[in-house]
Amino acid sequence: MKKNYQFELEFKVRDYECDLQGVVNNSVYQNYLEHTRHEFLDTAGLNFAQMYEQGILAVVARADIQYKYPLKSGDRFVCRLNTEREGIKYLFYQDIYRLPDEKLCIKACITTVITIGGKLKVLPEFDKALSI
Amino acid sequence: MKKNYQFELEFKVRDYECDLQGVVNNSVYQNYLEHTRHEFLDTAGLNFAQMYEQGILAVVARADIQYKYPLKSGDRFVCRLNTEREGIKYLFYQDIYRLPDEKLCIKACITTVITIGGKLKVLPEFDKALSI
Amino acid sequence: MKKNYQFELEFKVRDYECDLQGVVNNSVYQNYLEHTRHEFLDTAGLNFAQMYEQGILAVVARADIQYKYPLKSGDRFVCRLNTEREGIKYLFYQDIYRLPDEKLCIKACITTVITIGGKLKVLPEFDKALSI
Amino acid sequence: MKKNYQFELEFKVRDYECDLQGVVNNSVYQNYLEHTRHEFLDTAGLNFAQMYEQGILAVVARADIQYKYPLKSGDRFVCRLNTEREGIKYLFYQDIYRLPDEKLCIKACITTVITIGGKLKVLPEFDKALSI
């Protein structure tokens, strides 16, 4: 049975994202994961850049990324996510699947916190946006 | 008491590594960690690019990165590491400290495996190089 | 009157592409331009990664990029191109326009050459693909 | 006879900077050039990030980069520069040489302008710093 996700975003690997091993460099997946989170938040009415300008910082506290299968030049893929709140932590469970065969490539858990004026906060708008 | 490390490498933050929050982007720390591992291996006589050309792939299986404190434009810092073998897994414990105040910024554990011709291997040269 | 182009590709700025000035970093435009060229070539039946594996290298000899207007977080834009051959040089005239207002952001001329076995070549398939 | 330069900075290629052709990706040279300019300005008492916070923007108006020879994994190199003012434009002539053989790899001219509150300015401190 296919897992349910709250949000997904499609991408295509760009050649400059590949390294000398001919596959997407490990650090680039964090770019994919970040862009997916920001697009998700934006869809939910929370724009990352605007929040920053208002002094609301969404900060990554921990990134735990399992590399299951490498993506290569030209591969299409989808980045899917689910969210959860654990006290003051917002967890993003993010998985990357290659298309069209749905091969699991990345399984990640990104822990974020929100700070306003340098203080950790739970943000009601964030809870609402994340349907938590 | 200061922890002992097997290897360390000094860096300075470059402005293009900072994002719109004015701090080093989360993905860039993986670049720092990777470069430090590759320099460590190179010092031990194992060149990453040459291994790749010989069909020996050192592959990251998991990256678990705790973001403790952000680095900013112009910050100097040092990336230190220790290694350990756990069955077929080579673990790199990698910490980043800001200089000169030794503030802990990143605490990471990078799990790597070695594949030769697509098969997982324990490499005696690797064990020796890592003094495991 | 609107200029005619041989190919165009749409993008959206990703937050990690912006630097501490809050705009897309200058080097990132080269990524956009490269990806557009590679997608154009791919559409024409010339896959960059496959050419590389066959020993056919498309190499940038010169990049002349005029920065007319900066792109920001969340901006949508289109990268358009025209091609021309000048002796052994393939020129890509590439312009980036912000969407939906068609504001000109980048005006570039990228000069590329093809080498096979280290020697400069004119490639009939390339001429055909580029409709030159 | 060796050319004279106002400033130089040494680097070493990092593996993540190389792309699937096994050489430094074209866009990465702009990172090297930018970092060298910023270090040069910093040495002259003009910190890029601080200027930005004060509303003084140093902006690239044009980058003209000739790719003479590719850098590879592990290569050491030096980025050298000279400056010149032409009306309101500050020109940075920047060349990259591989070490230790001094092979010319990049020959670039980067045109920058300074804006304060959105208006183009000639900045006496800038002239002084650049010894123009």
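In this document, chain identifiers A, B, C and D correspond to the written order of the chains, with residue numbering beginning at 1 in each.
Simple rule for what comes next: a contact is a pair of C-beta atoms (placed from the backbone, for glycine too) under 8 Å apart; a residue touches a chain by one contact, two chains touch by 3 or more.
Predicted model only: the values in this text are computed from it and were never measured.
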Far-end chain from chain A, centres as C-alpha averages: D
Relative orientation of copies chain C and chain D, as a Cα rotation angle in degrees, nearest 5: 180
Gap in Å, rounded to a whole number, between the CA centres of chain D and chain C: 22
Distance from the mean Cα position of chain D to that of chain B, given in whole angstrom: 28
Centre-of-Cα separation between chain D and chain A, whole angstrom: 33
Junction residues of chain C, two or more chains touched: 15-16, 18, 20, 22, 27, 31, 34, 49, 73
Residue ranges of chain D in contact with chain A within the complex: 15-16, 18-20, 22, 25, 27, 73
Residue ranges of chain D in contact with chain B within the complex: 14-16, 18, 22, 31, 34-35, 38, 42, 47-49, 72-74
Residues on chain D engaged by chain C in the complex (per definition of touch): 20-21, 26-28, 30-31, 34, 49, 52, 57, 59-67, 70
